[in-house]
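First subunit A sits with subunit B, and in the next complex the same chain sits with subunit C.
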Partner chain A sequence: MIEINNLTYQYQVDAAKVLDNVSLSFKSGDWVSIIGHNGSGKSTLVKIMMGILEDYEGEILINGNKLTKENIANYREKFAIVFQNPDNQFVGATVEDDVAFGLENQGVAREEMVEKTEAALTAVNMLSYRRHAPARLSGGQKQRVAIAGALAMAPDVLILDEATSMLDPEGRKDILNILEDIHRERQTTLIYITHDLSEIEKSDYAVIMKDGEVLNRGSIEHIFSDTDTLIKSRLVLPYQMQISRALLKGEYVTHGELVEKL
Partner chain B sequence: MLSNMLLGRYIPGNSFIHQMDPRAKIISVLFFMVIVFFANHWLGYLLLILFMLSVIKIAQINIFFLFNGLKLLFFILIFTFLLHIFFTRGGTTLFEWGFIQIDSEGVITGIYITIRLVMLLIITTILTLTTSPIELTDAIENLGAPLKKIKVPMHELAMMISISLRFIPTLMDETEKIIKAQSARGSTFMTGKLKSRVNALIPIFIPLFISAFKRAEEMAVAMEVRGYKGEEGRTSYRELKWGLKDTSAIVIIILFGVMLFLVRM
Partner chain C sequence: MNIEVSALTSIYHHRTPFEHIALDELTTTFEQGKYYAVIGRTGSGKSTLIQHLNGLILPTRGNVRVGDLVLKKKTKQKVIHQVKKHVGMVFQFPEHQLFDETILKDVMFGPLNMGLSQEEAKERAEKYLSLLGVPLDQIGRSPFDLSGGQMRKIAIAGILAMEPEVLIVDEPTAGLDPKSHIETMKLFKEIQQEFNITIILVTHDMNDVFEYTDEVKLLGSGKLIKEGRTLDILTDEKLLTDHYLEIPDIVRLAHDVSKKGVALNRMPRNTDEFITLYKKWRDERA
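Moving on, here comes the complex of A and B:
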């Protein structure tokens, strides 16, 4: 259980608040999507949760224990994050070296490390690429390796910070399917950050953010039913929602008019 | 052009040299660097060239590919050669014009020193071509372990070298992209006076530096969140295994050194 209470953050003293009194709670094992346009504060939120940013107001409780500078190292072993650009995350010269990096840092014995690395690469269908150089892989494959690197550490919480934004539609679908399998088989809590509403369908719970504030939260059905808030958050509505809204208004009687307006 | 550069590149393979323990490769290269200076006349240099050709053959590297990749460093060799031609005196005078004088000793020394430099460049390139950066790092850290006793941060140094080598191809690709982008907007880098060519490089270096710093920052964050906190409590995924082939390779290098020493005049 993660509880975020009254979190406020600004990068500089005289700058605007990137997060303004944000309070949220996530249940263990949930797939939570945090959606918002650029600058809405969603990435800042996870950076604070990972201990990358400090000096914030408010508190973060993990299973009832307050996150502090002193205990962040212990929680990092339970949290894993995958960033937007996989090229800037690879430390290892080969796929397996990179996946094992986190385990090396945890001081895991070699035999166990080999097992965990293989299992993580199998989970993302990349075992046959284990000896390849990460730089020579496609964008989707690179991101799968980055996910394997996070999975190998057997995290309780896996955070994906716009991890699919550099991929083509096929690559995105592929990553979402892999995440669905991981979520189902390992019961890992997923925190999925995106600005694309079409990617949140598989989530259990979603949070809409705008300018550092939480605009809406709840089940996917609840989020999609409140179209006015979605429009207010400046997010692009999925295609089917745009059609549905246009049809409901009943203003376009011919196909040509509807297409033109859409 | 930049994509042909071999410095810091690793080409996977299964040759005898690829399979050697990286520590044995580094020790062999260090021995070879000393041995090169044993050669002091044509027979010694001939043996060096034959030895090097054998190493290239054993490493299964295409010799034309190797020389093509070293082309960018040829200006250093030419500069060294010219330096000796114009400033080494001795033997018979071959050419004299005003203050310029070329002696036979200068030409011979120039050729010999250039051969030595080529040998050193090739052997170090073969080391990086046949050894992955991570293996090199492991070997450097392992061989430098005694220095940890005098507080030399060997692990941190090895990690820095490894990441630098890993980023060389990435930054090369990035440089090419920036050159193409700037060329598309009308910048020229290969024509004009030296001053304008140097000025034309500024729009390449500024975005390259900005991007490199951004990458470095993201990499540092990614390493930190994956639990990296230096050497303490760390284990290693890779195992270094010293075998018979490694001992044999070092013995061969030493025997070759002895042979070169014996043919000295």
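Moving on, here comes the complex of A and C:
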């Protein structure tokens, strides 16, 4: 359980607030999407949770314990993150070396390391690529390896910071399917950051951010039932919601439901 | 000016154990003024094809004819340089290509490099900046003070200022937020109509292909699988699925509602058109 209370952050003293009194909580095992346009504060929020940014106002509680400069190192290994650009996150010469890197740093015994690496690569359907060079993989495959590297460390929380935005539709679908499996089988808390409303359907819960504030939160149905807030947040409605807004008073529909109702 | 691609074969690492045939005897034509999309699964050869169109890669066999200029295996640098004047290339994140201290100087760089005088280059730069809606009293400022979308416009003005007849646009919306995505796609459509230049768009986004382009070249394993009107190719669900491509949302919707009796006048190209056509059908029926 992560609780964020009244979090406020600015990069410079006189600058605008990048986060303005944000309060959120993430239940263990939930898949939460955080949606907002560029500059809405979503990445800053993640950087604070990862301990990359300090000197914020407000507090973060992890299972009831307040995060401090002193204890953040203990929590850092419970968080793993996958970034936007698949090319910027490789250290190993082969896929399996890369996935094992974090474990090796922790001094995990050889046998256990192999076991965990194989399990992580299996979870992302990349075991057969174990001896390949990461550089020769497609963008989608690279992101799958990056996710495996994160999973190998058995994090409590896996954060994906626009991890699919550089991928083709095939790669994007693969990642979302894999996250669905991870969510079901491992009970890892997933924090999925995106600006694409069409990617949030599988999550349990979503948070809409704009200019450092939380404008709305709740179930996917709830989020989509308030299309005004989505538009105000500079987001683009998925096609079925644009049509629902024009023809069905904006109720939340999937493609199939839309076809049925027209 | 047309581009004619004749029996183009492109082999990476030719005559080595890593040999890979990226394009296999591909023949096609791009006609002046049309908006094309080159589509196909990752690895189908589309990026290789467009790099041949402005001489970034030379053919292993066959040739590419750009107007009167011919690109083939041993074409000289001088000819390639000529080709580049006619065929402009906009890469992903074009704003990363900005470098000069003012907007004006940045846009003048290309024309100066082509051998135009300072005055001519300035004239060109101002013409294209104002056509793209950049106020001329701003062009003494640094391009780096602008927003991402504005910077992209400056970078594109720099390419337009060389007055290419053909503009190749490679995955222009990757990594952009949805609003900027729409703005960028609209900008290219305006450019194509305003300047009557050929646009060749490479993308995975079938919604964009369907909404904005006139014609499609579908590639698979280095071969031309099919070419023709966007309206015909992108409504062929089986063809798209067979090549691991998405069916445009609006096509899927129009097909699905037509199965239950919603008879739209014609195939809508985007959600707004769908809404208009649907309302019309509903009102006529009432």
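Simple rule for what comes next: the second predicted complex is superposed on the first by the 247 of 262 C-alpha atoms of A that agree within 3 Å, B and C clash if a C-alpha of one lies under 4 Å from a C-alpha of the other, contacts with A are read in each partner's own complex, and residues count from 1 in each chain.
FYI, a residue touches a chain if its C-beta (ideal position, glycine included) is under 8 Å from a C-beta of that chain, and two chains touch if they have at least 3 such contacts.
Since the structure is predicted, the reported quantities are computational estimates derived from the model, not experimental observations.
After superposition on subunit A, the partners subunit B and subunit C are accommodated together without colliding.
Considering which of subunit B and subunit C touches more of subunit A, the answer is B.
When the shared chain is aligned, subunit B comes close enough to touch A:F83, but subunit C does not. Applying the stated contact rule after C-alpha superposition, one finds that A:Q242 touches subunit C and leaves subunit B untouched. Within the superposed three-chain model, A:Y192 lies out of touch with both subunit B and subunit C [touch as defined at top].
In the superposition on chain A, A:H255 contacts subunit C only, with no contact to subunit B. Contact with neither subunit B nor subunit C is seen for A:W31 once the two complexes are overlaid on the shared chain. Remark: in the superposition on chain A the angle formed at subunit A by the CA centres of subunit B and subunit C amounts to 70 degrees, rounded in steps of 10. By the touch criterion stated above, A:S138 is placed in contact with subunit C alone, subunit B being left untouched. In the superposition on chain A, A:E96 makes contact with subunit B only, not with subunit C.
Of all C-alpha pairs spanning subunit B and subunit C in the superposed arrangement, the closest lie 5 Å apart.
Here subunit C touches subunit A in the complex through residues 41-43, 148, 174-175, 177-182, 204-207, 244, 246, 249-250, 252-253, 256-257, 260, 262, 271, 274-275, 278-279, going by the rule given at the top. Those residues of subunit A that touch subunit C in the complex are listed here as 37-38, 84, 138-139, 162, 165-166, 168-171, 195-197, 234-236, 239-240, 242-243, 246-247, 255, 258-259, 262.
Taken together, the subunit A residues at the contact with subunit B in this complex read 50-52, 73, 76-77, 79-81, 83, 85, 87-94, 96-97, 100-110, 113-114, 117, 131, 133, 135, 149, 153. On subunit B, the positions that touch subunit A within their shared complex are 10, 12, 132-135, 162-163, 166, 169-170, 214-215, 218-219, 221-229, 233-239.
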